[in-house]
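There's a structure below that I have some questions on.
Just so it is clear, A, B, C, D and E label the chains in written order, and each chain counts residues from 1 on its own.
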Amino acid sequence: MTLLADLILMPLVAFVVGLLLVLMARRVRAKIERRVGPPFLQPVYDIVKLYAKKTQVSHGVMHDLAIMMLLGGFITAEIFLPVPGLDGLAEHGDLITLVYIMMVPMLGLALGVGSCANPNGSIGISRALTAMLAYDVPYVVVIVGACISYGTTNLIDIVQIQQQGGPATWGAATMPILAFAGLLATHGMLGKEPFEIYIAPAEIATGPMTEMSGKYMGALFVMQCFQLYTVGVLYTTMFLGGGENWLFFLPKVFAVIFISVAVTNVYGRYKTDDVIRWMWKWPTGIALVGLALVMVR
Amino acid sequence: MKQAQVPAVLESVLHEIPGIQITPKEGSRVRVDVAPGALPAILELLKGQLGFMHLSAISCIDWPQTDEFELVYTVWSHEQKMTVSAHVTIPRDPGEYVSVYDIHTPAGFFERDIHEMFGVRFDGSPNLRKFILTSWNGPPPMLKSFDTLAYVEETFQWVDYRPEWLRDIEAKGGGIDSEGEGAPS
Amino acid sequence: MSDTTPVIPDQPEVCRTVDAEERGVWRRVMDRFADHCRARSLFVLHYCTGCGAIELPPTITSRFDMERVGVSPMVTPRQADILLITGYLSVKTLKRVILSYEQMQSPKYVLGFGSCTINGGMYWNSYATVKRLDQYIPADGFIAGCMPRPEAVQQVFLDLMKKIDAGQANAWQDYYLNYDRYLGNQMALFGEEWHTPVDVIAEAEHYGYVGDGTRGRFTEILDRHAAYALRDAPEDYPERGANERLLP
Amino acid sequence: MTLTAHHVVLPVALPLLVAFLLPLVGRLSDGLARLLAQLTTLAVAVIALLLWPAASDGGALVSAMGGFAAPIGIVFYADKLALMFVVALAVGLLLFRPRREHDSTKVQTLWLLLLAGGSGLVLSGDLFNIFVFYEITAVATYGLGASAHTGAGYGASLRYLLLSALGSAFALLGIALVYAAAGTLNLADLSQLAGERLTGPMGLTAFVLMVLGFGVKAELFPVNTWVPEVYTAAPTRVTAVLAGVVSKLAMVVILRLLVLLFQDPAALGFLLLLGAIGVAAGELAAFRSRDLHRTFAYSSIAQLGLMAVAFSIPGHAGVLAGIAVALHHLVVKPAFFVLADRWRGEIAGLTGAGRTSPLAAGLFVLLSLSIIGIPPLPGFWAKLMLFKAAIDAGGAGNLTAVAIILAATVIEAAYLFRVVGILYGTAPAGRPPLRFTLGELAPGLLLGAVLIAATVSVAPLGDGLTAMAADSADAAAYASRVLPGGN
Amino acid sequence: MPFALPFDMTSLDLLMAIAAAATVLLYLFGTARLGGYLATLLHGAALAVTVAMGLDLAAGAGAIPSSLRLTVLGQQLAWTLDGLGWFFLLLTTGAAFFSSWYMAGEWGRVQQRARIQHGTLALNVLTMVLLLSAGDLLGLFIGWEFVSWAAFAMMIQAGGPATQAAYRYMLYALAGAMALFAAILVVHGAAGGFGFDQMRAALPDMSTGMLWTLFALFAGGFGVKMALVPTHLWQAPAYSYTPGASSAFLNAVSARMGLFALILSLVKLIGFDTLAGLRIPMTGIESTDILAWVAAITMVVPTYIALMQTDARMLLTWHGIGQGGYMLLGILVATPLGVAGGLLHVFNYATYQMALILAVFAVIHRTGTADLDELGGLITRMPLTYVALLMGIIGLAGLPPMNGFVSKWMIYKALIVTQQPLLSIAAFVGTLGTILSVYKLIHNIFLGQLRVEHREIREAPWSMTLPMLVLAGIGFVTGFAPGLALSIVDQAQAAMGVALLPHHLGGVVLATGSLNMLWVVGVLVGAIGVGALIFYVLGNRRFETHQYDNYAGGHFLSADIRYHFSHEFYPGLARVIGPWYRGWVVRMEHGLGVLAEVSGDLWHGVFRAAYTPLYVLIVAVLGLFWAGGAGGFGS
């Protein structure tokens, strides 16, 4: 029975924490711009308003399927991501499986946007995939380094290994360089400036989201919540010792996202090939140094 | 307006054009009135000798009384720091004039604009198709003979703006001076 | 000029039309909640149609910060709720405004800035500008002033929110219910071949907003030559290429 | 009627006799002369076949001329190997008799001289006798080479004459050295004395001179520059016989020398070197050539190089491989030349020829596959034998030779299948279709059928060849049969 | 239960008989009205026999002998089929069955020379049966030559560019064959015979130098067929210009014969331990490491070349080369997990690559072109082909619901567990490149703006879409329950002498993190169901509009404006990695060609020398000088 509870609870928790993360992101942006910032329930209002739209325009079956794959993919990712108290199915799928499950919604979105037949969307997706290639190279090096250093790819074991000796045995403590590279790659993964090339509102009218309206746009807002949550929790699980209990776990997740959000609002937008060059020069270099250190031990 | 005498350098260049009349204006502006046929020559001279490289604008004034169009070519010279506006008048009904595109390339757009707004044909101008009013089928709208108010009256509708607060004021004798100049009834 | 001089019926005061089937309690609670959220989350279309657009940046950014009440700019009409007509509307701009309006997802609201959208304003006697906005697309609110200051803009937003919260801002239904009249006015201005790629009638039928005013004389003209599968575009209209509907 | 040892001399004597009769008969009527020539060729073939059972049971038929004993007497030694080549020569000459326009009594006489010389070369057991028959074949080849009556033909034959004459001089010098050292010219006798007399620098020099001499006809490396010119200029049927059969006879002579006289590794190494360079040179030049005739000429140089490498491997395995390659080349090369007869001139000009005459193109593909050495065709088994022998013999020289041959096979496949690609290309509209009449293609198809028959019956054929190789590689048996009482 | 047969014929003989009969019959009746269905029947029969043999092997029979014996010139040739051979045989007959089924319908009728296509396909199956059941090295070589030439016959039939590509293939294949010939000769030299057991017996006393040459020759010879990096240029054009179904067959199976032979020679005969023993003196780099790095480069470089292709077929064949690298890398990890991953990837690759190629050829059949810049928006016209291609690309990219993910996961896991980070990073980077290029493939063909001329295109006929969908279904089923495919892989792994990987229906249970695809795919499908529920319940009904009702910055879109974004699909990436393609291998290949030409000219010149007598004199003097000096050459 607990498995059924986990199956239901984990996505909901993810959604709620995701909403809070989105709120924090918008609030931080407002404070940086010396503005008051949105009210507490603003993300909820946006999502409900989009779902409550009276007319919903679709561009074909694949456009709808994409939205289903989007939500389905992230719900699955949440279920395989262990959080304090809720292990879900982490026993049956390890870190590598999770990384690839996170790519299913990305592919679903890409197919849906493709079927909208909008040039802005296609350019957006081409840039999104290129950016994915850019930030995934360092991210892969970080994952391989972490897995080799922990000796396992099972997320639950990884968390236990890190919690044995308190903060001293956290990933960030044992592999500081690798953790730093992971942070840079995570920042790229979130699609915030300076790597926001594929949602560039000025150039390609929010790229993939051009033809998304009503509940399609609502699903994308929900995806943003899930994405912030997943990326934050994954980084915390790998390097910040996961969560003994929610009291310690949430601040860590918020801290990870806060760093990235804070950095976002003071940067302009890189061109696509600059994103690639930067991602393959600095984070990859740092990650390889971290990997070398791990292999030496 | 401090000095009225014609700048010497301009005098020396333009004096042999027959029937030319140069009147200096305030600041560094000079007005030149010339016969229609001589204008390209003048522009050529100004550009060649005095560095009037920049054609700021060609504007057209519609004189319905004398049934004429007046074309004003404003050119500017960086060397002389001086603006010359050459005025030419052409009769309205044929509304034909020669294009100065080969002297100043921007003239192409000005001529296209004047053609659209006034109906003046510049032969030799590269492109006289519709420019801004792409879905306009009416007469050239800038002509004074074109009664915009009549067109507007006929094409658009007004809202008779009678909110109750206005009716109270009128009841008390106030209200809008509807006989004023052009206020809609 | 075409002989179809549109006749202007009397303008009834648009009020909240209760949906056809009497809604159950649960549906009404849901509607109430939906209206509550709709009022607090408005996406403004980032489309500067006239001179008043310069008033928007201060309204939305740090000086007046409309995000406090949930208003934020959005790039494409698909995602936007509010279309701001900021100032005079030239005939050419009106075409794009109508296309953007039809591409917006209802419930959608139109706010007219300044007197130009009410009765022609400063350009009342110009051949190129449109005099009354609400002849071509239904408008929810107008702000007097040439150009209204951010405080006035905020005030109109707050008024609109109150109307949405009360469920009254339904001018958009009027576009479906009286589409023929709007189309007539548009055709009077743009000529008979005028149509946008958006199939408004099919949308109205799909979502059940078909009133007696939806179909009429002008929609027949529309059907005759809005062969959306038009291969080659007539030379000028509208500018590059005619519109396209893939017959289902 | 059974034929005894004394009839061994007939395959040589009969054609010589008729060759000199022909001019007289020719004066009466050309038809009769041609018929007589063909009859004698047929007779020679029949005789050789009839001799076969006698040779096979006794190992070999030996007939001493005039009853003289060894050191002086001229001996004819007909073992299965020799008889096989005589039959091949006769059948080849029959199959490829000259075409109507190149034919005349003079050509027929040369044809018979070639038959006589060739069979004498293989049958005779005496060194000087071999030299005489070698001269006869050389003269016949000069005449036949020029029988196309073209300027190029005369030039090529003249250059070939010069080269061959020089070669013969070397051979004669070598034979003289051998005579000086051993005192006898009878091969069997020499094989007895070779042990002590022909070793050391004197023997080696004799060997080098003889190899260079006989190498001219056996297309060995330094002395085969005449091959492309003569094979291209001569009438195609003559080339078919020359390349197919005659060059092998000279190689058999060299084999006899190696087996009987010179067993020391220096000689074998020298022949291996020539062979390997011959293979590499042949294949690379063929890769470069643009004309079909010239390509097949270079290809035959390469195949002869293969034989030289095979024979340079001591023991019967080497001989077996050499014979297998020789027999396979004997079947494939004439068929290639039959195709080249119609597809004359630039290869590039042949585009689309495969579509107009599919049978010829199919034959070409079959022959290419076999000569490259693709299983199950006999070419593969021959090469496998060669490689097995070389690897079993070991030694750096053999390994490099194997490597060169493997690389050469790839180049061989390259130029052959380049031609196939052109044959099956789409023909440009303007060119008239090159069509084969069945008559022209018949010999080729026959040889193709022989090839396929060999593929099917490769096992029994293999055993037969192994027995023949074992016998011909056995110097002691040779001596015991020839010398009475074997002193 | 032993396979009962009418007379003493073993099942392997029956299979050979069917294959031979198929070759002859199909060559004669290929174009007849029912010729296609006859082909499908025959290949189906062959598949059935193979499956039966599988049951036999699973029931414990070590190997299935064939009564075909040949003794030629002292060599005995025998044919027996063991687990490893059977695994690849199953792929061959399966691939032949599906491609003949594809050819049976309308596609076959449209071809000019269907007879030749059917004949060559059956010939390929026959030659592969002979190769896979080779009993000794000579049999292996003969089978290898047969397979190469059968593939050549299949490639050359299309004419035009195909002949050029086939000619280039033949040169590479023959060079590989000669290397293999040299290898078996070296073995013959050392072991005195061509038998497998003779070779194993002679292995211990082989010198390391000989072992290195043997390793190099085997890896080089078989690597050419597998298109490992330096020898990969021929495969893409050769496999794409072959017509339709045969191209699918070649892509799915033909290159894997190289892998079979590599496993047979390096793993079964030489064995992992002897290979591990072979080290480069100072550096401690083992022989398998070198091959692993060649496999890694083969994984990455061709994938990023595929990214830049504009022809759909070329893109897929370049990926074929890349995927070959994954299989080899998996096997070279030498742990049960790695080997199982590599072999499973062979099975998975065959299913989704075939589905992809058949789908692309269905598009070509309908639109007439495979150029990615001329297509677009076909999803509305050819939905079934779209589904097949979609499931194929998910498999090719190795994403969860499909089987491609399972085998790639096992390979990553094996590399991480054996602490080889750089190789696993290369594997990940290869997958990323694949994801980008497969999306470009599906986007440029099926998504985006539908062209005016493609508006009346109909879906491909059932005879073409059904095989595709069945293959994609197999991919999904083996993705959902990888245990089925893993049990097939066990046969091959057992025959290879590698310990079996304990697995259950859903996947693998390992201490260092296990994978249970039943849960992963189950939850994914369930979650997508929840997504669908949310989509249909919340929010109003959807209104489907046409492709020109699109946001274009206020612009009115219409049919005559071509706004489909497909040319140069990844401009940013092209700007960064564009200069990295320097075509070293292409220049190297060109260099070899020029070397052959130049040396050809040299010898050609030698033979044309007119002054031959003088030339001979010089040579004679040299010969004498050498002979006189009694310098013994050789000995």
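As a convention for this text, a contact is a pair of C-beta atoms (placed from the backbone, for glycine too) under 8 Å apart; a residue touches a chain by one contact, two chains touch by 3 or more.
Nothing here was measured: the structure is a model prediction, and the numbers come from that model.
Other chains, considered apart from subunit E, cluster as A, B, C | D (clusters defined by touching). Shared contact partners of subunit C and subunit E comprise A. Should one ask which of A-C and B-C has more C-beta pairs in contact, the pair is A-C. Farthest from subunit A in terms of Cα centroid separation is D. A simple rule picks the central chain: find each chain's mean C-alpha point, then take the one closest to the mean of all protein C-alpha atoms, which gives E.
With respect to subunit E, maximal separation of chain centres occurs for B (centres as means of Cα atoms).
Remark: subunit B and subunit C have CA centroids separated by 37 Å (rounded to whole angstrom). Subunit A and subunit B have centres, each the mean of its CA atoms, that are 61 Å apart.
Note: centroid distance subunit D to subunit E, computed from Cα atoms, is 46 Å.
The centroid of the Cα atoms in subunit C and the matching centroid in subunit D are 99 Å apart. The multi-chain contact residues of subunit C, meaning those touching 2 or more other chains, are 76, 78, 203, 207, 238-239.
Within subunit D, no positions touching two or more other chains are listed. Residues of subunit B in contact with at least two other chains: none.
Chains that are in contact with each other form these pairs: A-C, A-E, B-C, C-E, D-E.
Partner subunit D is touched in their complex by these residues of subunit E: 70-74, 138, 141-142, 145-146, 149, 156, 159-160, 163-164, 167, 170-171, 174-175, 178-179, 181-182, 185-186, 188-189, 596-597, 599-604, 606-610, 612-613, 615-617, 619-620, 623-624, 626-635.
Every residue of subunit D that touches subunit E in the complex is listed here, in rising order: 159, 162-163, 166-167, 170, 200-201, 204-205, 207-209, 212, 222-228, 264-266, 268-270, 272-273, 280-281, 284-289, 298, 369, 372, 374-376, 380-381, 384-385, 387-388, 391-392, 394-395, 397, 402-403, 406-407, 409-411, 413-414, 417-418, 421, 424-426, 458-459, 462, 466.
Those residues of subunit B that touch subunit C in the shared complex are 130, 133-136, 138, 141, 146, 148-149, 151-152, 154-159, 161, 182, 184. Across the interface of their complex, subunit E is touched by residues 47, 76-78, 96, 99-100, 103, 196-199, 202-203, 206-207, 228-233, 238-246, 248 of subunit C. Across the complex, subunit A meets subunit E through its residues 7, 11, 51-62, 64, 67-73, 75-76, 79-80, 89, 91-97, 100-101, 103-104, 107, 110-111, 114-120, 122-123, 125-127, 129-130, 132-133, 136-137, 140-141, 144-145, 147-148, 151-154, 157, 197, 205, 210-211, 214-215, 218-219, 271-273, 275-277, 280, 291, 295.
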